[in-house]
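Letters A, B, C and D mark the chains in the order given here, with residues in each chain numbered from 1 onward.
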Amino acid sequence: MKPYIHRVHYYETDRMGVTHHSNYIRMMEEARVDYMAQLGWPYARMEASGVLSPVTALNVKYIAPTTFDDQVQINVRVKAFNGVTLVMAYEMLRLGGEAPVTVLTGESEHVFLNGEGRFVRLKREQPDFWQQLTELAEKV
Amino acid sequence: MKPYIHRVHYYETDRMGVTHHSNYIRMMEEARVDYMAQLGWPYARMEASGVLSPVTALNVKYIAPTTFDDQVQINVRVKAFNGVTLVMAYEMLRLGGEAPVTVLTGESEHVFLNGEGRFVRLKREQPDFWQQLTELAEKV
Amino acid sequence: MKPYIHRVHYYETDRMGVTHHSNYIRMMEEARVDYMAQLGWPYARMEASGVLSPVTALNVKYIAPTTFDDQVQINVRVKAFNGVTLVMAYEMLRLGGEAPVTVLTGESEHVFLNGEGRFVRLKREQPDFWQQLTELAEKV
Amino acid sequence: MKPYIHRVHYYETDRMGVTHHSNYIRMMEEARVDYMAQLGWPYARMEASGVLSPVTALNVKYIAPTTFDDQVQINVRVKAFNGVTLVMAYEMLRLGGEAPVTVLTGESEHVFLNGEGRFVRLKREQPDFWQQLTELAEKV
(Lines give C-alpha, C1' and ligand atoms only; values in the text may rest on other atoms or scores of the structure.)
Protein backbone atom coordinates (compact mmCIF):
# COMPACT_ATOMS: atom_id res chain seq x y z
CA MET A 1 0.00 0.00 0.00
CA LYS A 2 1.22 3.45 -0.93
CA PRO A 3 0.95 5.85 2.02
CA TYR A 4 -1.22 8.92 1.51
CA ILE A 5 0.39 12.36 1.61
CA HIS A 6 -1.53 15.45 2.66
CA ARG A 7 0.07 18.85 2.28
CA VAL A 8 -1.34 21.23 4.89
CA HIS A 9 -3.30 24.10 3.38
CA TYR A 10 -3.22 27.65 4.71
CA TYR A 11 -6.94 27.50 5.51
CA GLU A 12 -6.37 24.44 7.70
CA THR A 13 -4.27 26.40 10.19
CA ASP A 14 -5.69 28.35 13.09
CA ARG A 15 -4.76 31.35 15.17
CA MET A 16 -2.40 29.26 17.30
CA GLY A 17 -0.32 28.97 14.10
CA VAL A 18 -0.86 25.23 13.67
CA THR A 19 -3.22 22.87 11.86
CA HIS A 20 -6.59 22.95 13.63
CA HIS A 21 -7.24 19.64 15.38
CA SER A 22 -10.53 19.07 13.53
CA ASN A 23 -8.72 18.98 10.20
CA TYR A 24 -6.87 15.77 11.07
CA ILE A 25 -10.26 14.04 11.20
CA ARG A 26 -10.73 15.11 7.58
CA MET A 27 -7.24 13.90 6.66
CA MET A 28 -8.13 10.52 8.17
CA GLU A 29 -11.08 10.39 5.79
CA GLU A 30 -8.92 11.37 2.80
CA ALA A 31 -6.42 8.64 3.63
CA ARG A 32 -9.16 6.05 4.21
CA VAL A 33 -10.78 6.82 0.86
CA ASP A 34 -7.38 6.49 -0.82
CA TYR A 35 -6.71 3.20 1.00
CA MET A 36 -10.07 1.77 -0.10
CA ALA A 37 -9.37 2.83 -3.70
CA GLN A 38 -6.02 1.04 -3.53
CA LEU A 39 -7.85 -2.07 -2.25
CA GLY A 40 -9.97 -1.92 -5.40
CA TRP A 41 -12.91 -0.16 -3.76
CA PRO A 42 -12.92 3.39 -5.05
CA TYR A 43 -15.86 5.42 -3.91
CA ALA A 44 -17.72 5.06 -7.23
CA ARG A 45 -17.70 1.26 -6.87
CA MET A 46 -18.86 1.39 -3.25
CA GLU A 47 -21.63 3.78 -4.17
CA ALA A 48 -22.71 1.68 -7.16
CA SER A 49 -22.99 -1.30 -4.79
CA GLY A 50 -25.27 0.80 -2.56
CA VAL A 51 -23.11 0.46 0.55
CA LEU A 52 -22.34 3.36 2.89
CA SER A 53 -19.86 3.12 5.76
CA PRO A 54 -20.43 5.98 8.19
CA VAL A 55 -18.06 6.67 11.05
CA THR A 56 -19.46 5.40 14.35
CA ALA A 57 -16.52 6.25 16.61
CA LEU A 58 -13.22 8.12 16.64
CA ASN A 59 -10.24 7.87 18.91
CA VAL A 60 -7.31 10.18 18.36
CA LYS A 61 -4.08 11.11 20.13
CA TYR A 62 -2.43 14.36 19.07
CA ILE A 63 1.32 14.03 19.51
CA ALA A 64 3.04 16.82 17.56
CA PRO A 65 1.71 19.80 15.61
CA THR A 66 1.95 20.55 11.91
CA THR A 67 1.46 23.78 10.06
CA PHE A 68 0.99 25.28 6.61
CA ASP A 69 2.92 23.58 3.83
CA ASP A 70 3.98 20.62 5.98
CA GLN A 71 3.83 17.26 4.28
CA VAL A 72 1.94 14.72 6.36
CA GLN A 73 2.31 11.05 5.51
CA ILE A 74 -0.69 9.00 6.61
CA ASN A 75 -0.32 5.27 7.06
CA VAL A 76 -3.61 3.40 7.19
CA ARG A 77 -4.37 -0.18 8.14
CA VAL A 78 -7.30 -2.41 8.99
CA LYS A 79 -7.08 -2.98 12.71
CA ALA A 80 -10.15 -5.12 13.27
CA PHE A 81 -13.09 -6.47 11.32
CA ASN A 82 -15.74 -8.82 12.61
CA GLY A 83 -18.03 -8.75 9.60
CA VAL A 84 -20.12 -5.94 11.00
CA THR A 85 -17.78 -3.38 12.52
CA LEU A 86 -14.58 -2.22 10.83
CA VAL A 87 -11.81 -0.48 12.77
CA MET A 88 -9.22 1.43 10.77
CA ALA A 89 -5.97 2.65 12.35
CA TYR A 90 -3.97 5.70 11.29
CA GLU A 91 -0.48 6.96 11.90
CA MET A 92 0.49 10.42 10.69
CA LEU A 93 4.11 11.48 10.21
CA ARG A 94 5.43 14.94 9.49
CA LEU A 95 8.03 14.70 6.75
CA GLY A 96 10.73 17.14 5.73
CA GLY A 97 12.88 17.27 8.86
CA GLU A 98 15.87 15.08 9.56
CA ALA A 99 13.57 12.26 10.59
CA PRO A 100 9.81 11.85 10.36
CA VAL A 101 7.95 13.03 13.46
CA THR A 102 4.83 11.23 14.68
CA VAL A 103 1.99 13.72 14.59
CA LEU A 104 -1.04 11.62 15.45
CA THR A 105 -2.23 8.11 16.03
CA GLY A 106 -5.89 7.30 15.78
CA GLU A 107 -8.68 4.92 14.94
CA SER A 108 -12.04 5.19 13.27
CA GLU A 109 -14.86 2.69 13.60
CA HIS A 110 -17.35 2.05 10.80
CA VAL A 111 -20.43 0.02 10.05
CA PHE A 112 -21.88 -0.85 6.65
CA LEU A 113 -25.34 0.36 5.76
CA ASN A 114 -27.52 0.26 2.68
CA GLY A 115 -29.41 3.25 1.31
CA GLU A 116 -32.26 2.71 3.78
CA GLY A 117 -29.87 2.83 6.73
CA ARG A 118 -30.04 -0.92 7.45
CA PHE A 119 -26.99 -3.02 8.25
CA VAL A 120 -25.54 -4.73 5.21
CA ARG A 121 -24.43 -8.36 5.60
CA LEU A 122 -21.11 -7.79 3.88
CA LYS A 123 -20.19 -11.48 3.80
CA ARG A 124 -23.23 -12.22 1.68
CA GLU A 125 -23.61 -9.02 -0.30
CA GLN A 126 -19.96 -8.13 -0.98
CA PRO A 127 -18.08 -11.37 -0.30
CA ASP A 128 -14.88 -10.19 -2.05
CA PHE A 129 -14.69 -7.07 0.07
CA TRP A 130 -15.54 -9.08 3.19
CA GLN A 131 -12.71 -11.48 2.33
CA GLN A 132 -10.19 -8.68 1.83
CA LEU A 133 -11.08 -6.92 5.08
CA THR A 134 -10.97 -10.19 6.99
CA GLU A 135 -7.50 -10.98 5.67
CA LEU A 136 -6.21 -7.47 6.27
CA ALA A 137 -7.43 -7.31 9.85
CA GLU A 138 -4.50 -7.65 12.19
CA LYS A 139 -4.21 -10.95 13.94
CA VAL A 140 -4.27 -10.51 17.68
CA MET B 1 -35.78 42.28 9.57
CA LYS B 2 -33.58 41.28 12.47
CA PRO B 3 -29.90 41.32 11.49
CA TYR B 4 -28.01 38.06 11.84
CA ILE B 5 -25.18 37.81 14.34
CA HIS B 6 -22.28 35.40 13.84
CA ARG B 7 -19.74 34.95 16.62
CA VAL B 8 -16.38 33.97 15.15
CA HIS B 9 -15.28 30.48 16.17
CA TYR B 10 -11.69 29.55 16.94
CA TYR B 11 -11.61 27.10 14.05
CA GLU B 12 -12.56 29.90 11.64
CA THR B 13 -9.31 31.77 12.26
CA ASP B 14 -6.09 31.10 10.40
CA ARG B 15 -2.40 31.41 11.00
CA MET B 16 -2.47 35.13 10.21
CA GLY B 17 -4.53 35.43 13.41
CA VAL B 18 -7.73 36.50 11.66
CA THR B 19 -10.88 34.90 10.28
CA HIS B 20 -10.00 33.05 7.07
CA HIS B 21 -11.51 34.83 4.07
CA SER B 22 -13.37 31.69 2.91
CA ASN B 23 -15.40 31.65 6.12
CA TYR B 24 -17.18 34.90 5.29
CA ILE B 25 -18.72 33.11 2.31
CA ARG B 26 -20.20 30.64 4.80
CA MET B 27 -21.42 33.47 7.03
CA MET B 28 -23.16 34.98 4.00
CA GLU B 29 -24.99 31.67 3.59
CA GLU B 30 -25.95 31.57 7.28
CA ALA B 31 -27.33 35.10 7.10
CA ARG B 32 -29.21 34.40 3.85
CA VAL B 33 -30.83 31.29 5.31
CA ASP B 34 -31.86 33.31 8.36
CA TYR B 35 -33.22 36.11 6.15
CA MET B 36 -35.29 33.66 4.10
CA ALA B 37 -36.67 32.12 7.29
CA GLN B 38 -37.69 35.58 8.49
CA LEU B 39 -39.44 36.12 5.14
CA GLY B 40 -41.48 33.01 5.87
CA TRP B 41 -39.33 30.69 3.77
CA PRO B 42 -37.39 28.52 6.19
CA TYR B 43 -35.34 25.84 4.52
CA ALA B 44 -37.87 23.08 5.29
CA ARG B 45 -40.58 24.96 3.36
CA MET B 46 -38.29 25.62 0.40
CA GLU B 47 -37.25 21.99 0.33
CA ALA B 48 -40.85 20.76 0.61
CA SER B 49 -41.68 22.93 -2.41
CA GLY B 50 -38.83 21.24 -4.31
CA VAL B 51 -36.97 24.46 -5.09
CA LEU B 52 -33.19 24.80 -4.80
CA SER B 53 -31.36 28.12 -5.17
CA PRO B 54 -27.67 27.48 -5.79
CA VAL B 55 -25.13 30.30 -5.80
CA THR B 56 -24.17 31.27 -9.36
CA ALA B 57 -21.86 34.18 -8.56
CA LEU B 58 -20.12 35.90 -5.67
CA ASN B 59 -18.63 39.35 -5.36
CA VAL B 60 -16.96 40.32 -2.11
CA LYS B 61 -14.86 43.21 -0.81
CA TYR B 62 -12.86 42.56 2.36
CA ILE B 63 -12.53 45.80 4.28
CA ALA B 64 -11.47 45.01 7.86
CA PRO B 65 -10.50 41.77 9.60
CA THR B 66 -12.23 39.96 12.44
CA THR B 67 -10.94 37.31 14.77
CA PHE B 68 -11.98 34.71 17.33
CA ASP B 69 -14.88 35.73 19.56
CA ASP B 70 -15.74 38.83 17.52
CA GLN B 71 -19.41 39.47 16.99
CA VAL B 72 -20.22 40.07 13.35
CA GLN B 73 -23.57 41.62 12.45
CA ILE B 74 -24.71 40.70 8.96
CA ASN B 75 -27.28 42.86 7.22
CA VAL B 76 -28.91 41.19 4.24
CA ARG B 77 -31.15 42.64 1.56
CA VAL B 78 -32.59 41.74 -1.83
CA LYS B 79 -30.66 43.83 -4.31
CA ALA B 80 -32.22 42.68 -7.54
CA PHE B 81 -34.75 40.13 -8.76
CA ASN B 82 -35.98 39.71 -12.30
CA GLY B 83 -38.00 36.56 -11.80
CA VAL B 84 -35.09 34.32 -12.74
CA THR B 85 -31.98 35.67 -11.07
CA LEU B 86 -31.87 36.87 -7.47
CA VAL B 87 -29.08 39.09 -6.18
CA MET B 88 -28.65 39.34 -2.42
CA ALA B 89 -26.45 42.04 -0.86
CA TYR B 90 -24.58 41.75 2.44
CA GLU B 91 -22.93 44.17 4.82
CA MET B 92 -20.94 42.82 7.75
CA LEU B 93 -20.12 44.93 10.79
CA ARG B 94 -17.79 44.07 13.65
CA LEU B 95 -19.49 44.98 16.91
CA GLY B 96 -18.03 45.50 20.35
CA GLY B 97 -15.78 48.51 19.78
CA GLU B 98 -16.77 52.13 20.22
CA ALA B 99 -18.50 52.07 16.86
CA PRO B 100 -19.27 49.23 14.46
CA VAL B 101 -16.56 48.67 11.85
CA THR B 102 -17.45 47.61 8.30
CA VAL B 103 -15.81 44.26 7.69
CA LEU B 104 -17.14 43.23 4.30
CA THR B 105 -19.60 44.14 1.60
CA GLY B 106 -20.69 41.56 -0.88
CA GLU B 107 -23.28 40.09 -3.17
CA SER B 108 -24.39 36.61 -4.10
CA GLU B 109 -26.35 35.70 -7.20
CA HIS B 110 -28.81 32.81 -7.27
CA VAL B 111 -31.11 30.99 -9.65
CA PHE B 112 -34.04 28.73 -8.78
CA LEU B 113 -33.94 25.11 -9.83
CA ASN B 114 -36.13 22.08 -9.29
CA GLY B 115 -34.83 18.66 -8.27
CA GLU B 116 -33.94 17.82 -11.89
CA GLY B 117 -31.81 20.93 -12.22
CA ARG B 118 -34.27 22.80 -14.47
CA PHE B 119 -35.15 26.45 -13.98
CA VAL B 120 -38.27 26.98 -11.91
CA ARG B 121 -40.71 29.66 -13.09
CA LEU B 122 -41.10 31.18 -9.67
CA LYS B 123 -43.94 33.51 -10.69
CA ARG B 124 -46.08 30.53 -11.60
CA GLU B 125 -44.89 27.91 -9.13
CA GLN B 126 -44.31 30.04 -6.01
CA PRO B 127 -46.25 33.25 -6.70
CA ASP B 128 -46.18 34.42 -3.06
CA PHE B 129 -42.41 34.12 -2.89
CA TRP B 130 -42.08 35.77 -6.30
CA GLN B 131 -44.24 38.65 -5.08
CA GLN B 132 -42.17 39.11 -1.91
CA LEU B 133 -38.85 39.10 -3.73
CA THR B 134 -40.17 41.51 -6.37
CA GLU B 135 -41.33 43.95 -3.71
CA LEU B 136 -38.10 43.63 -1.70
CA ALA B 137 -35.83 44.22 -4.67
CA GLU B 138 -34.37 47.70 -4.49
CA LYS B 139 -35.83 50.15 -6.93
CA VAL B 140 -33.18 51.55 -9.19
CA MET C 1 -24.48 26.11 33.47
CA LYS C 2 -26.50 26.99 30.40
CA PRO C 3 -26.18 24.32 27.70
CA TYR C 4 -24.80 25.45 24.36
CA ILE C 5 -27.02 25.29 21.27
CA HIS C 6 -25.57 24.85 17.80
CA ARG C 7 -27.85 25.13 14.79
CA VAL C 8 -26.49 23.03 11.93
CA HIS C 9 -25.42 25.10 8.93
CA TYR C 10 -25.95 24.04 5.35
CA TYR C 11 -22.20 23.96 4.74
CA GLU C 12 -21.78 21.50 7.60
CA THR C 13 -23.74 18.80 5.79
CA ASP C 14 -22.23 16.37 3.31
CA ARG C 15 -23.34 14.38 0.33
CA MET C 16 -24.82 11.69 2.57
CA GLY C 17 -27.35 14.38 3.57
CA VAL C 18 -26.15 14.63 7.18
CA THR C 19 -23.75 16.70 9.25
CA HIS C 20 -20.20 15.63 8.37
CA HIS C 21 -18.61 13.82 11.30
CA SER C 22 -15.65 16.25 11.47
CA ASN C 23 -17.98 19.13 12.24
CA TYR C 24 -18.97 17.69 15.61
CA ILE C 25 -15.34 18.12 16.68
CA ARG C 26 -15.76 21.82 15.93
CA MET C 27 -19.04 21.96 17.83
CA MET C 28 -17.26 20.41 20.83
CA GLU C 29 -14.80 23.31 20.67
CA GLU C 30 -17.61 25.87 20.43
CA ALA C 31 -19.34 24.38 23.46
CA ARG C 32 -16.09 24.17 25.43
CA VAL C 33 -15.27 27.84 24.74
CA ASP C 34 -18.79 28.77 25.85
CA TYR C 35 -18.46 26.65 29.00
CA MET C 36 -15.15 28.27 29.92
CA ALA C 37 -16.66 31.73 29.38
CA GLN C 38 -19.52 30.77 31.72
CA LEU C 39 -16.92 29.68 34.30
CA GLY C 40 -15.48 33.18 34.11
CA TRP C 41 -12.68 32.27 31.68
CA PRO C 42 -13.60 33.77 28.35
CA TYR C 43 -10.95 33.38 25.72
CA ALA C 44 -9.69 36.96 26.09
CA ARG C 45 -8.89 36.35 29.77
CA MET C 46 -7.15 33.04 29.05
CA GLU C 47 -5.12 34.66 26.30
CA ALA C 48 -4.21 37.63 28.48
CA SER C 49 -2.92 35.17 31.10
CA GLY C 50 -0.74 33.57 28.39
CA VAL C 51 -2.20 30.10 28.78
CA LEU C 52 -3.09 27.86 25.83
CA SER C 53 -4.92 24.56 26.20
CA PRO C 54 -4.50 22.49 23.03
CA VAL C 55 -6.40 19.28 22.49
CA THR C 56 -4.20 16.24 23.14
CA ALA C 57 -6.80 13.51 22.59
CA LEU C 58 -10.34 12.96 21.36
CA ASN C 59 -12.76 10.13 21.89
CA VAL C 60 -16.15 10.26 20.22
CA LYS C 61 -19.11 7.95 19.71
CA TYR C 62 -21.54 8.88 16.95
CA ILE C 63 -25.00 7.69 17.89
CA ALA C 64 -27.56 9.47 15.69
CA PRO C 65 -27.21 11.85 12.74
CA THR C 66 -28.25 15.47 12.45
CA THR C 67 -28.75 17.60 9.40
CA PHE C 68 -29.21 21.18 8.21
CA ASP C 69 -31.25 23.40 10.51
CA ASP C 70 -31.28 20.89 13.37
CA GLN C 71 -30.79 22.33 16.81
CA VAL C 72 -28.11 20.49 18.74
CA GLN C 73 -27.88 21.00 22.48
CA ILE C 74 -24.39 20.37 23.81
CA ASN C 75 -23.93 19.59 27.49
CA VAL C 76 -20.37 19.99 28.71
CA ARG C 77 -18.76 18.96 31.95
CA VAL C 78 -15.34 18.54 33.53
CA LYS C 79 -14.78 14.83 33.72
CA ALA C 80 -11.30 14.74 35.21
CA PHE C 81 -8.56 17.13 36.21
CA ASN C 82 -5.30 16.22 37.88
CA GLY C 83 -3.66 19.62 37.74
CA VAL C 84 -1.93 18.84 34.45
CA THR C 85 -4.43 17.09 32.21
CA LEU C 86 -8.04 18.18 31.83
CA VAL C 87 -10.70 15.86 30.41
CA MET C 88 -13.94 17.45 29.25
CA ALA C 89 -17.02 15.34 28.48
CA TYR C 90 -19.74 16.19 25.96
CA GLU C 91 -23.24 15.00 25.30
CA MET C 92 -25.07 16.23 22.22
CA LEU C 93 -28.85 16.06 21.88
CA ARG C 94 -30.95 16.76 18.81
CA LEU C 95 -33.90 18.90 19.82
CA GLY C 96 -37.17 19.55 18.03
CA GLY C 97 -38.69 16.08 17.95
CA GLU C 98 -41.02 14.63 20.56
CA ALA C 99 -38.07 13.88 22.80
CA PRO C 100 -34.39 14.83 22.53
CA VAL C 101 -32.28 12.23 20.72
CA THR C 102 -28.71 11.54 21.79
CA VAL C 103 -26.47 12.36 18.85
CA LEU C 104 -22.99 11.96 20.26
CA THR C 105 -21.04 11.38 23.41
CA GLY C 106 -17.41 12.30 23.58
CA GLU C 107 -14.40 13.50 25.48
CA SER C 108 -11.51 15.82 24.77
CA GLU C 109 -8.24 15.88 26.69
CA HIS C 110 -6.22 19.05 27.15
CA VAL C 111 -2.99 20.26 28.68
CA PHE C 112 -2.03 23.80 29.63
CA LEU C 113 0.91 25.43 27.91
CA ASN C 114 2.47 28.86 27.92
CA GLY C 115 3.45 30.78 24.80
CA GLU C 116 6.75 28.88 24.55
CA GLY C 117 4.96 25.54 24.58
CA ARG C 118 5.99 24.62 28.13
CA PHE C 119 3.60 23.10 30.65
CA VAL C 120 2.00 25.66 32.93
CA ARG C 121 1.71 24.78 36.62
CA LEU C 122 -1.89 25.87 36.85
CA LYS C 123 -2.06 25.52 40.64
CA ARG C 124 0.64 28.13 41.02
CA GLU C 125 0.00 30.37 38.04
CA GLN C 126 -3.81 30.37 37.90
CA PRO C 127 -4.87 29.12 41.35
CA ASP C 128 -8.48 30.29 40.97
CA PHE C 129 -8.91 28.39 37.72
CA TRP C 130 -7.13 25.36 39.20
CA GLN C 131 -9.55 25.47 42.14
CA GLN C 132 -12.60 25.68 39.91
CA LEU C 133 -11.52 22.79 37.70
CA THR C 134 -10.63 20.68 40.71
CA GLU C 135 -14.06 21.22 42.24
CA LEU C 136 -15.89 20.63 38.97
CA ALA C 137 -14.10 17.38 38.19
CA GLU C 138 -16.42 14.49 38.82
CA LYS C 139 -15.71 12.51 41.92
CA VAL C 140 -15.01 8.92 41.09
CA MET D 1 3.40 26.72 -15.36
CA LYS D 2 2.03 23.38 -14.29
CA PRO D 3 -1.70 23.60 -13.57
CA TYR D 4 -2.82 22.67 -10.06
CA ILE D 5 -5.06 19.64 -9.56
CA HIS D 6 -7.48 19.39 -6.64
CA ARG D 7 -9.33 16.15 -6.04
CA VAL D 8 -12.64 16.86 -4.32
CA HIS D 9 -12.85 15.40 -0.82
CA TYR D 10 -15.97 13.87 0.65
CA TYR D 11 -16.10 16.52 3.37
CA GLU D 12 -16.16 19.24 0.71
CA THR D 13 -19.55 18.14 -0.59
CA ASP D 14 -22.86 19.27 0.84
CA ARG D 15 -26.37 17.98 1.14
CA MET D 16 -27.17 19.03 -2.43
CA GLY D 17 -24.67 16.32 -3.43
CA VAL D 18 -22.10 18.74 -4.86
CA THR D 19 -19.00 20.60 -3.72
CA HIS D 20 -20.07 23.43 -1.42
CA HIS D 21 -19.50 26.80 -3.11
CA SER D 22 -17.29 28.07 -0.25
CA ASN D 23 -14.76 25.33 -0.92
CA TYR D 24 -13.82 26.71 -4.33
CA ILE D 25 -12.53 29.82 -2.55
CA ARG D 26 -10.17 27.50 -0.66
CA MET D 27 -9.14 25.75 -3.87
CA MET D 28 -8.30 29.17 -5.35
CA GLU D 29 -5.96 29.70 -2.39
CA GLU D 30 -4.35 26.27 -2.86
CA ALA D 31 -3.76 26.97 -6.54
CA ARG D 32 -2.41 30.47 -5.85
CA VAL D 33 0.05 29.15 -3.26
CA ASP D 34 1.19 26.52 -5.75
CA TYR D 35 1.55 29.13 -8.50
CA MET D 36 3.65 31.38 -6.26
CA ALA D 37 5.87 28.42 -5.33
CA GLN D 38 6.36 27.69 -9.04
CA LEU D 39 7.35 31.34 -9.55
CA GLY D 40 10.06 30.82 -6.94
CA TRP D 41 8.08 32.28 -4.06
CA PRO D 42 7.06 29.40 -1.84
CA TYR D 43 5.31 30.44 1.32
CA ALA D 44 8.42 30.01 3.49
CA ARG D 45 10.32 32.54 1.37
CA MET D 46 7.45 35.04 1.43
CA GLU D 47 7.14 34.65 5.18
CA ALA D 48 10.90 35.02 5.70
CA SER D 49 10.74 38.27 3.75
CA GLY D 50 7.99 39.46 6.12
CA VAL D 51 5.44 40.07 3.38
CA LEU D 52 1.77 39.06 3.71
CA SER D 53 -0.71 39.29 0.84
CA PRO D 54 -4.25 39.12 2.18
CA VAL D 55 -7.25 38.82 -0.09
CA THR D 56 -9.01 42.17 -0.50
CA ALA D 57 -11.67 41.14 -3.01
CA LEU D 58 -13.17 38.09 -4.69
CA ASN D 59 -15.22 37.72 -7.82
CA VAL D 60 -16.45 34.29 -8.81
CA LYS D 61 -18.81 32.81 -11.40
CA TYR D 62 -20.02 29.26 -10.73
CA ILE D 63 -20.63 27.55 -14.05
CA ALA D 64 -20.86 23.79 -13.46
CA PRO D 65 -20.86 21.67 -10.30
CA THR D 66 -18.31 19.12 -9.15
CA THR D 67 -18.61 16.40 -6.56
CA PHE D 68 -16.63 13.91 -4.50
CA ASP D 69 -13.66 12.38 -6.24
CA ASP D 70 -13.79 14.75 -9.22
CA GLN D 71 -10.46 16.04 -10.45
CA VAL D 72 -10.46 19.80 -10.80
CA GLN D 73 -7.69 21.44 -12.81
CA ILE D 74 -7.05 25.01 -11.75
CA ASN D 75 -5.31 27.36 -14.14
CA VAL D 76 -3.94 30.51 -12.50
CA ARG D 77 -2.56 33.66 -14.04
CA VAL D 78 -1.61 37.19 -13.07
CA LYS D 79 -4.33 39.37 -14.50
CA ALA D 80 -3.18 42.77 -13.31
CA PHE D 81 -0.47 44.28 -11.15
CA ASN D 82 0.16 47.96 -10.59
CA GLY D 83 2.83 47.65 -7.93
CA VAL D 84 0.31 47.85 -5.11
CA THR D 85 -2.66 45.69 -6.04
CA LEU D 86 -2.36 42.24 -7.57
CA VAL D 87 -5.26 40.58 -9.37
CA MET D 88 -5.04 36.84 -9.94
CA ALA D 89 -7.41 35.05 -12.33
CA TYR D 90 -8.56 31.44 -12.06
CA GLU D 91 -10.18 28.97 -14.37
CA MET D 92 -11.31 25.61 -13.01
CA LEU D 93 -11.96 22.61 -15.24
CA ARG D 94 -13.52 19.30 -14.30
CA LEU D 95 -11.48 16.51 -15.83
CA GLY D 96 -12.38 12.91 -16.47
CA GLY D 97 -15.24 13.23 -18.95
CA GLU D 98 -14.90 13.24 -22.71
CA ALA D 99 -13.83 16.86 -22.62
CA PRO D 100 -12.96 19.16 -19.70
CA VAL D 101 -15.94 21.15 -18.39
CA THR D 102 -15.51 24.70 -17.13
CA VAL D 103 -16.54 24.75 -13.49
CA LEU D 104 -15.67 28.25 -12.38
CA THR D 105 -13.97 31.44 -13.42
CA GLY D 106 -12.87 33.92 -10.83
CA GLU D 107 -10.50 36.55 -9.60
CA SER D 108 -8.90 37.45 -6.31
CA GLU D 109 -7.39 40.80 -5.45
CA HIS D 110 -4.46 41.17 -3.05
CA VAL D 111 -2.31 43.81 -1.46
CA PHE D 112 1.11 43.39 0.12
CA LEU D 113 1.53 44.16 3.80
CA ASN D 114 4.35 43.85 6.30
CA GLY D 115 3.97 42.36 9.77
CA GLU D 116 2.60 45.65 11.13
CA GLY D 117 -0.12 45.75 8.51
CA ARG D 118 1.47 48.57 6.47
CA PHE D 119 1.68 48.53 2.69
CA VAL D 120 4.95 47.16 1.39
CA ARG D 121 6.56 48.98 -1.55
CA LEU D 122 7.26 45.81 -3.46
CA LYS D 123 9.34 47.54 -6.14
CA ARG D 124 11.84 48.66 -3.53
CA GLU D 125 11.66 45.82 -1.01
CA GLN D 126 11.23 42.80 -3.31
CA PRO D 127 12.34 44.08 -6.73
CA ASP D 128 12.70 40.58 -8.23
CA PHE D 129 9.16 39.65 -7.29
CA TRP D 130 7.89 43.04 -8.47
CA GLN D 131 9.63 42.45 -11.82
CA GLN D 132 8.12 38.98 -12.21
CA LEU D 133 4.59 40.10 -11.42
CA THR D 134 4.91 43.09 -13.73
CA GLU D 135 6.02 40.89 -16.61
CA LEU D 136 3.36 38.27 -15.93
CA ALA D 137 0.51 40.77 -15.79
CA GLU D 138 -1.53 40.54 -18.95
CA LYS D 139 -1.02 43.34 -21.38
CA VAL D 140 -4.29 45.11 -22.06
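Operating definition for what follows: contacts are C-beta pairs under 8 Å (C-beta built on N, C-alpha and C of every residue); 3 or more make two chains touch, one makes a residue touch a chain.
Only a predicted model underlies this, so the values are computations on that prediction, with no experimental measurement involved.
**Student:** Which chain's C-alpha centroid is most distant from that of chain C?
**Tutor:** Comparing chain centres, D lies farthest from chain C.
**Student:** Measuring from the mean C-alpha position of chain C to the mean C-alpha position of chain D, what distance in angstrom results?
**Tutor:** Comparing mean C-alpha positions, chain D is 35 Å from chain C.
**Student:** Using CA atom averages as chain centres, what separation in Å is found between chain B and chain C?
**Tutor:** Centre separation, chain B to chain C: 29 Å.
**Student:** Per the centroid of Cα atoms for each chain, what is the distance between chain B and chain D, given in Å?
**Tutor:** 24
**Student:** Among all residues of chain D, which ones touch two or more of the remaining chains?
**Tutor:** In chain D, residues 10-11, 22, 26, 29, 68 touch at least two other chains, as defined above.
**Student:** Linking chains that touch, what shape results: line, ring, star, complete or other?
**Tutor:** complete
**Student:** Hey, which residues of chain A end up touching chain C in the complex?
**Tutor:** Against chain C, the touching part of chain A is residues 16, 21-23, 25-26, 29, 52, 54-62, 65.
**Student:** Give every residue of chain D touching chain A within the complex, in rising order.
**Tutor:** The touching residues are 9-11, 26, 29-30, 33, 42-44, 68-69.
**Student:** Where on chain B is chain A touching in the complex?
**Tutor:** Checking each residue of chain B against chain A gives 10-11, 13-15, 17-18, 20, 22, 67-68.
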